[in-house]
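As written, the chain order gives the labels A, B, C and D, with residue 1 at the start of each chain.
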Amino acid sequence: MAEFLSLKSAVETHVHDGDVVALEGFTHLIPFAAGHEIIRQRRRNLTLVRLTPDLICDQLIGAGCATKMIFSWGGNPGVGSLHRFRDAVEHGWPHALELDEHTHAGLTNRFVAAASGLPFAVLRAYAGTDTSQHSSTVARVTCPFTGEDLAAVAALRPDVTIIHAQQADRAGNVRLWGITGVQKESVLAASRSIVTVEEIVDGFDDDRNAMILPSWVVSAIAHVPGGCHPSYAAGYSDRDNDYYEAWDDLSRERDVFEDWLEHHVYENGSVR
Amino acid sequence: MAEFLSLKSAVETHVHDGDVVALEGFTHLIPFAAGHEIIRQRRRNLTLVRLTPDLICDQLIGAGCATKMIFSWGGNPGVGSLHRFRDAVEHGWPHALELDEHTHAGLTNRFVAAASGLPFAVLRAYAGTDTSQHSSTVARVTCPFTGEDLAAVAALRPDVTIIHAQQADRAGNVRLWGITGVQKESVLAASRSIVTVEEIVDGFDDDRNAMILPSWVVSAIAHVPGGCHPSYAAGYSDRDNDYYEAWDDLSRERDVFEDWLEHHVYENGSVR
Amino acid sequence: MSGFSTDETMTIAASRELAGARSCFVGIGLPSIAANLARALHAPGLVLVYESGTVGAKPTRLPLSIGDGELATTADFVISVPEIFNYWLQPGRIDVGMLGAAQIDRFANLNTTVIGSYERPSVRLPGAGGAPEIATACPRAIIVMRQSKRTFVDKLDFLTTIGFGDGNGARSRLGMPGFGPRVLISDLGIFRPDPETFEMTLTSLHSGATVADVRDATGWDLAVSKDLVETPEPTEEELLLLRRLHAASNTNAVN
Amino acid sequence: MSGFSTDETMTIAASRELAGARSCFVGIGLPSIAANLARALHAPGLVLVYESGTVGAKPTRLPLSIGDGELATTADFVISVPEIFNYWLQPGRIDVGMLGAAQIDRFANLNTTVIGSYERPSVRLPGAGGAPEIATACPRAIIVMRQSKRTFVDKLDFLTTIGFGDGNGARSRLGMPGFGPRVLISDLGIFRPDPETFEMTLTSLHSGATVADVRDATGWDLAVSKDLVETPEPTEEELLLLRRLHAASNTNAVN
């Protein structure tokens, strides 16, 4: 059953040095506040998992929390590069970053396999590409009925998955809507999970087809309004596109980034 | 793009002798009116596909439309046997019925594989059972990462899938809610599809997580209010449990059943 | 309370087995009655999961089918059938599975497919449904069925659902993650797997039944626990709530 | 209309290629601009599908990201990422895929992963994203990218996305269902696969560009169609609507 904790306690309890940590949310509902709390608690040697690393992984990498990343598209959407990610890969700063990279469909299906309790998933992908040559989590399988050759991807089971959602009820059930990405699969794939929420409500609206994560598959819930900024929460906030564009300058140089980190993460209990 | 047709035209156009016909809806939204129209049009040699054949397949089998059935649980829910199904299997009346039977999870994943454009799906099932000995659509695969032995089921691609839904809009998009079973997968798995609907509306409520089947994956839509009776349509009708209980007597003897068929299907354009 | 039926004893004994469970995958009939009785009695937070995709259903009357509107409108959430099997059942997220069958053997393997030969059955039964995966995936399974030499058989006519296969070690050889059937409850007594052989062994007699009665209604050479006990009789509260559940239903059909 | 940029010519040429398409899988940047322009111009019913799971998005301004709220609130429906890839993209339900890249070779294979070696890249690019499956599954793909010897290369630094592999027959050997890239549109001209060799061949020159210009900006020995034509200039309506789209956006960033 989900435990209501402060964000600080939730990260202290569930995110450990060396963990495989998935932070999901596809453009929408990205758990930035939790990412910043991980930076503040100076976690090290994390393996970050995210389809689109986005600014949140750029910040964690630049802050020195991660030594490996499993991902499928690492850019600043609509803006350009993730400079801290590039600096780690191109120059090993603040230290080297091992990569296990996939296509969106491949990484998605790694979560699906784990959420389904299966060791692998099958898809049409990777044939003939260099991507499959650099990953030990891609293989081939033969269809036992047609003889077709298909891709297999290994199930991915994070130690902890962190997401942001619109609502939790007082029993600890979580509800989210709009673009829901791979949040359900990444939570169900993980050993533990933390959900930050915009609001805690007495009960949910009667929308039985919304995405619900019941209390008994969530480890901790933290009430963090605005906890996905500069991403957005449909019904609560808009995406801060200016922030995404400004990040290009804030992150390009190491010293500017470190200054940002000092003033906007370490010195603050929360960042907006 | 979906074409708006009468139920008669929809069945005439899209259901042919010898077709593999899936009729889906898990207790909820079972397309009974379409089943009766198939009986009236005296289609023959159909392969029926349904997780839970329910009364609809019992009626089609008793009327002589089917020579094969692919299914996973063939009873009258909460009541007992499907007598027409049993008569066909046990005594070959009105003629023999070939079976390809699965578990719910297995048949579900056959639809999932086809909906995904894959030749097979993987699941934990069938090991050691007699069920797998009697089906050519079950095999084993080995995980290329862990060496685990798992079940594979062949993709199932119906010639036509028929479902009932609550609403279509005037552009031919379909919306359903409540218990949605394998409707989406069975429609996406099929070459053609017919949807009967309770209501045609100008636009849908703003519930972006409801199940929508866009016009461009549906072949025909027929406006048939009550077209799922004695099943039900959440928001429109309740399940007619009395009918399910009465069916036990109506279907037990061949002559009583044939009398029912004559008066309630052949003589009527529609059955309530 | 004096009068109660053997079916009532069986259902109440099954509901007691749900103590401590968080969630239960429920089939229609006896399993549904036992699970709903457990919710009414001692497990108000028990999450009932029906294979139609309703999770956390809180029916106020016994549903006739696993997809009744009552289940959907009282559920915490409703998901598709692929999701219920792939994301929720298969990974072992549902603690307990409740099953019935037409035939059972000494290793708690089940037949719900045919009586007689497969090609020319004397009785065609409904088939597998969700049972094989429930028995595979749930950390524990509870089997509830009326007992006779026709139902407790030496050899199944058809093996639909694996309990313990051919005994100790069979489940792990078959790659089945859950423990398997921890308990079998009939209208005569309660059986649990022997820790060595995994043969279902009589461990408790319902009041009024004798070991001889059970032997007479068992198609194999019955093993009896040396610690055989008597099943506590239904309490007044248990009977009252069970009968209230039945009365609130629009049917007493049990299949 | 006199003045227009090469980027405008390229975007408008790409939008024209969407004539007759029912649905388009759209990435951010040039593909998104071209697809939205097509909706405004000649394909009002074109279903835009973004990999965030928004199907039938009708944005009134150009989105900055593929998961903008604007896309979700204007969509016909929004589904999960597993569903968008498994149920909608993979089976080939989306007619056309629009792609860009950092490098392309003569067989329209794409690199979006690294410049330099994989282990020690000089430029680390974003990676694969949805492109490989879009190019695999969509019945046809359209590639839009600015052209230079750095982007049109003899040999890719990294093969992220298969176009035609090593030429005729490669796609079927690799089990790829769709036809592949039917057209490549740069800021200098339009290229289509040779029906025999599947090498991307210059078939149309944008106004102002010469074959020599294109050769100078191509890293391989360029094949030129014997039926080479000139790309029709952007019309006033096309330019007007494209500029209106840009003006309505909160950004002109194109990546």
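Odds and ends about this structure:
Everything below uses one rule, namely that a residue touches a chain if its C-beta (ideal position, glycine included) is under 8 Å from a C-beta of that chain, and two chains touch if they have at least 3 such contacts.
Keep in mind it's a predicted model, so treat the numbers as computed, not measured.
Considering every other chain in turn, the ones in contact with both chain B and chain D prove to be A. Two chain pairs, B-C and A-C, are weighed by contacting C-beta pairs, with B-C ahead.
Rounded to whole angstrom units, the spacing between the C-alpha centres of chain B and chain C is 28. Here the spacing of chain A and chain C, counted between their Cα centres, is 41 Å. If you average the Cα atoms of chain C and of chain D, the two centres end up 57 Å apart. In chain D, the residues that reach two or more other chains under the touch definition are 72-73, 78, 86, 90, 137, 177. Residue positions 117-118, 123-124, 148, 150, 178, 180, 184-185, 208-211 of chain B are each in touch with at least two other chains.
Chains that are in contact with each other form these pairs: A-B, A-C, A-D, B-C, B-D. Listing the residues of chain B that touch chain A in their complex gives 117-124, 137, 139-141, 143-146, 148, 150, 152, 154-155, 177-178, 180, 207-211. By the touch criterion given at the top, residues 22-23, 47, 55-56, 72-73, 75-78, 86-87, 90-93, 137, 177 of chain C touch chain A in their complex. Within the complex, the chain C residues that touch chain B are 28-29, 51-54, 63-69, 71-73, 78, 80-82, 85-86, 89-90, 113, 118, 120-133, 136-137, 158-162, 165, 170, 174-177, 250-251, 253, 255.
Against chain D, the residues of chain A that register as touching in their complex are 26-28, 51-52, 71-75, 77-82, 85-86, 89-90, 101-105, 108-109, 111-112, 123-131, 134, 148-150, 178-182, 184-185, 211, 232, 234, 238-239, 241, 244-245.
The part of chain A that touches chain C in the complex is made up of residues 115-118, 173, 184-185, 188, 208-210, 212, 214, 216-217.
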